[in-house]
Amino acid sequence: MTYQEIVAKAKTNIGPYCKVCPECNGIACKGMIPGPGGKGTGLGFIRNYQELKKIRLVMDTVYQPTPVSTRSTLFGKEFSLPVFAAPVGAVGLHYSNAYDDLTYSAAVLDGCKAAGTAAFTGDGVKDEVYKGTIDAIKAIGGHGIPTIKPWSLAEVVTKARMAEDAGAFAFAMDIDAAGLVVLAMQGKPVSPMPVETLAKIVASVKIPFILKGVMTPAGALKALEAGARGIIVSNHGGRVLDETPSTIEVLSDIVDVVGDRINILIDGGFRTGLDVFKALALGADGVMIGRPFTWSVYGGGAEGVTLYMNRVQAELAEAMLMTGAATIDAIDATKIM
Amino acid sequence: MTYQEIVAKAKTNIGPYCKVCPECNGIACKGMIPGPGGKGTGLGFIRNYQELKKIRLVMDTVYQPTPVSTRSTLFGKEFSLPVFAAPVGAVGLHYSNAYDDLTYSAAVLDGCKAAGTAAFTGDGVKDEVYKGTIDAIKAIGGHGIPTIKPWSLAEVVTKARMAEDAGAFAFAMDIDAAGLVVLAMQGKPVSPMPVETLAKIVASVKIPFILKGVMTPAGALKALEAGARGIIVSNHGGRVLDETPSTIEVLSDIVDVVGDRINILIDGGFRTGLDVFKALALGADGVMIGRPFTWSVYGGGAEGVTLYMNRVQAELAEAMLMTGAATIDAIDATKIM
Amino acid sequence: MTYQEIVAKAKTNIGPYCKVCPECNGIACKGMIPGPGGKGTGLGFIRNYQELKKIRLVMDTVYQPTPVSTRSTLFGKEFSLPVFAAPVGAVGLHYSNAYDDLTYSAAVLDGCKAAGTAAFTGDGVKDEVYKGTIDAIKAIGGHGIPTIKPWSLAEVVTKARMAEDAGAFAFAMDIDAAGLVVLAMQGKPVSPMPVETLAKIVASVKIPFILKGVMTPAGALKALEAGARGIIVSNHGGRVLDETPSTIEVLSDIVDVVGDRINILIDGGFRTGLDVFKALALGADGVMIGRPFTWSVYGGGAEGVTLYMNRVQAELAEAMLMTGAATIDAIDATKIM
Amino acid sequence: MTYQEIVAKAKTNIGPYCKVCPECNGIACKGMIPGPGGKGTGLGFIRNYQELKKIRLVMDTVYQPTPVSTRSTLFGKEFSLPVFAAPVGAVGLHYSNAYDDLTYSAAVLDGCKAAGTAAFTGDGVKDEVYKGTIDAIKAIGGHGIPTIKPWSLAEVVTKARMAEDAGAFAFAMDIDAAGLVVLAMQGKPVSPMPVETLAKIVASVKIPFILKGVMTPAGALKALEAGARGIIVSNHGGRVLDETPSTIEVLSDIVDVVGDRINILIDGGFRTGLDVFKALALGADGVMIGRPFTWSVYGGGAEGVTLYMNRVQAELAEAMLMTGAATIDAIDATKIM
């Protein structure tokens, strides 16, 4: 299986919204929900991609080479590279019913594990979605991170405990899903939550909690205050609120205020190992990739996921070689401009 | 009736100039007068739209939620949201004779009232246009704002008194129509007016006067000096002078000099509740929307107007929820970037 | 005759290079010489147009109106507006043989005079071109400005005296033609000239000398030192050197160093009275327009020229009305942004 | 033979990747390897071209003209202009088998020599490529610069000595090829090298060493420390690492730190004599041009190369005439903006 074959098959299996474009930049699908697009004008998605492209890599190959290693750790666990599959929900609706949320989660969990990293999984209005993904995570030894929607505190705590019981090494909540009216319409309201509520969620289990959907320094400080161990700088791929900034342009300010006191992941428009390199250079501890994994799954199942993750790793390693960074820690702001 | 149905029907009813584009951004119709375009290069219209798109919303959902309210007041009257239909004239000429100025005004007045806001109505060379809109405003209890062209002082005063007699809660004059040669050619010249003349208009009635077409801090101060209770930051949709700045980029400087001493409305390229949010964050007290209401009327009559206004309200409420602003007053400059 | 008719007829009469585009912006014709394009990449022409579009007009109609006058003077002569037709050479080659340099010059001279302004005429390798244009200027009482190429000093002086003898009220030399290898290939070399040579040209006649092709403050100071009475800020429409700056972006620095000590004209991408307004606001004393006059002549002869010049005047007057500048002198930097 | 004929024939002989576009700007071929494109997004190539276009030439023809000379020297050798053909490898793969690396090198070496400049030649996985180019250089009296890939130190030294023995007046190594995995896959690994290794290469022969692929001030200082006599500011046409800066935007900082202590060449997106002028104005001592020479060879053989180099020389001379720089040394930062 090659990457070209995955893309070719993805074009057949995905439809009718996503066009599997040569550049997955949010333009062809803008406003398409259902579908993979950014909400409204699509600018939340489009800008994520465009702003990343503005950052350039500082090439210098005059140095004594040592073997490049992309290895990194998160919550004490070691990964082959600091890249994770982002949660994607309702894949049947948005990409085609060649997969549903459970078959999709299984593929991405297995594929990431095989590549030495891990996948985040999603949540759903129906209980069986979360239950199913938890079972899948349990089946591979807890090697995945379930992501819970901001339902009632009671439900979040219940689901956090399910994650812990399944052996998941961490769990997340996408607080930026708080405005999804579509969930309330199906009888499952979501809402913003104050620090106090987040603290209760943190306290309900022993595994680390990651808050997804932070776009400001103030938000990052609130996550820290609540006891979260990680944040994900994310605008939900432009799908919960139109016309947000791109994630990469708010990253530095967030890094400046929370520093090393919390793990900082980021998603939004990342496609290649070079994109990953840029976020790491700006202070992120890891990167999450979303839409490309839907292509990988629809085009190649778990094997497609592994192949794509390996490709990202090779690109990241090449960027490190070409800039003189032998380890992930050596990737700093001097390596970009 | 859905918004999609309104747009579909508008495409049938409007013609031949306006194309009811996916993005109403002034590009396809540039220079089209008759038609909905900006004058000449169309940049007055196009820039209004483009500059608004550059402002981004600062998302943060980590907070204790309270119910969001979009309610606001203007001249002591309460509205469901601070958004008003802008005056549009000669609709038969520019959009098609499926409507004329009187049937159009009736639809937009009724539709806005049903949605809890109000419409501005326009003026015309023929006396029956203004007379007819005044009658329509009277018929709904004064729930509308007539807009008078800068004719002779005597005529403006006469029309202001007609507005007052009809129970209108305010009236406006679009001083930026001063250069419309087409009016003089029909025997009804318009012209610029000094502060003294504006003061006489203000003094001629008891209801508040709003000066439309202010694009500079100096202009805003002159409106204040004349005793106007409100201004509308407007470049007339790019239709009275080509190559003006966009309204959103001059708003802040105007807010800085007049502050709370006068009500500041703005129009120009506003399409969604998110656009409204941006202007409020920059210090506007309200927003006027023009071209989308022509679509609403031609596609759905008064009902279409109500539906579109409700849609804008929902978008505004969502933006407030996603940025942590429970009331209109809470929308400030920290919520955008 | 209407402007639309002129354009329609110009499309028939001009060919095959110039397409009489909706926006005459240098893009469709880039690199087309023969033809109307900018040399090479065409950026010299394209940028002239694009940079002008970036300047916006500050609209304010709250003032006591007085009649707007576009009248201005140059070298003691009064004109209906400070706009002149630029010299265009070899029109048969670049636009089509519906006109040649002499019939073209006659049309533009007559048409501009009828509109209350004046035309610059061009020069040629063959003696009859300059001789013919001089005759045409003489025939209308000296109401035109011949433009001489930077040939040998002797030839320039001879031609300057011909201009003086014909009663021309001024003459010009386009020093930026100094690099036109095509002229040397036809046995008539041109070259740069130092201040001393320019001073000799100035001293050879009594009528004012205008140096065309100045793009720097240093160049303007040299023209002043040589005794020139005027300069034309010009990149020759992008036709003598590719990749120059636009003229409008170098204007302010030139105005800053020479101030009122010399008359400052400018050309390059000007199309409308609003464009003219911008240059005047930045300190120019007058504007020259080139390519649109080829359309005017090919589409309407002398009458077309007059009509187009009247149109520019009306646009300029409208811009003045809408910004509160009743006279040309009142157009200053506060009127643009 | 004309340039137009060369381009026409190149279109026939080159295929299927390179389209011989009107503007060779990296857009149509982005990501095409095999083919002439920049790697991945192609932005390394595209930006080289685009950033060059942003620099404008300061035109001034008011001066006493003296004959323009484009002559310059490199390592004591005089050239008709400071422009050299860049090494291009695997032409059969990327452009078509109308040429192979040896016939290509012969054409470019002969054509450049005939035009009074010199060509850099490339290296290959197979020994006969380097051997063949060395023979070709020897055959024309050493009038060429072989470029060695960063193989093992032993191999580089062997090849450097071959260059010296062939009479080459200098040799180069493209250290930025260090990441080309494709070479390792063919059994010939390449890698970054520290200053110490570069110093050994320098010491192994008497002819000057040029380090190609420097993109930072730090890299330039390391080349200097190693004893290199020249550097080439290059991102390898965007073909070794995606998303680097353009070369022209890093040039000034490099010039600032190494000044006259080392010869500074540059490549990346240069097409015309005006482009060359810009780099010289920013402090480069010479410019290398790549892709246009493939067109020249495929479209006209050695004669095509000479014709294209003469064309670049004429453009450079014209830019010098139009800006008042009679010699290469007179081209400085005041001549651009």
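Which chain is which? They are A, B, C and D, in the order written, and residues in each are numbered from 1.
Rule of thumb we're sticking to: a residue touches a chain if its C-beta (ideal position, glycine included) is under 8 Å from a C-beta of that chain, and two chains touch if they have at least 3 such contacts.
Note that the coordinates shown come from a computational prediction; the quantities given were computed from them, not determined experimentally.
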Starting at subunit A, fewest touch steps before arriving at subunit C: 2
Interface residue identity across copies subunit A, subunit B - same or different by half: different
Whole-Å gap between the CA centroids of subunit B and subunit D: 59
Cα-centroid distance, subunit C relative to subunit D, in whole angstrom: 42
Residue numbers of subunit C (touch at least two other chains): none
Category of the chain touch graph - line, ring, star, complete, other: ring
Sites on subunit D touched by subunit A in the complex: 40-41, 43, 47, 150, 175-176, 178-179, 181, 191-196, 198, 211, 213-216, 218-219, 222-223, 226, 235, 240-245
Contacting residues of subunit B [partner subunit A, same complex]: 23, 53, 55-65, 272, 274, 318-319, 321-322, 324, 337
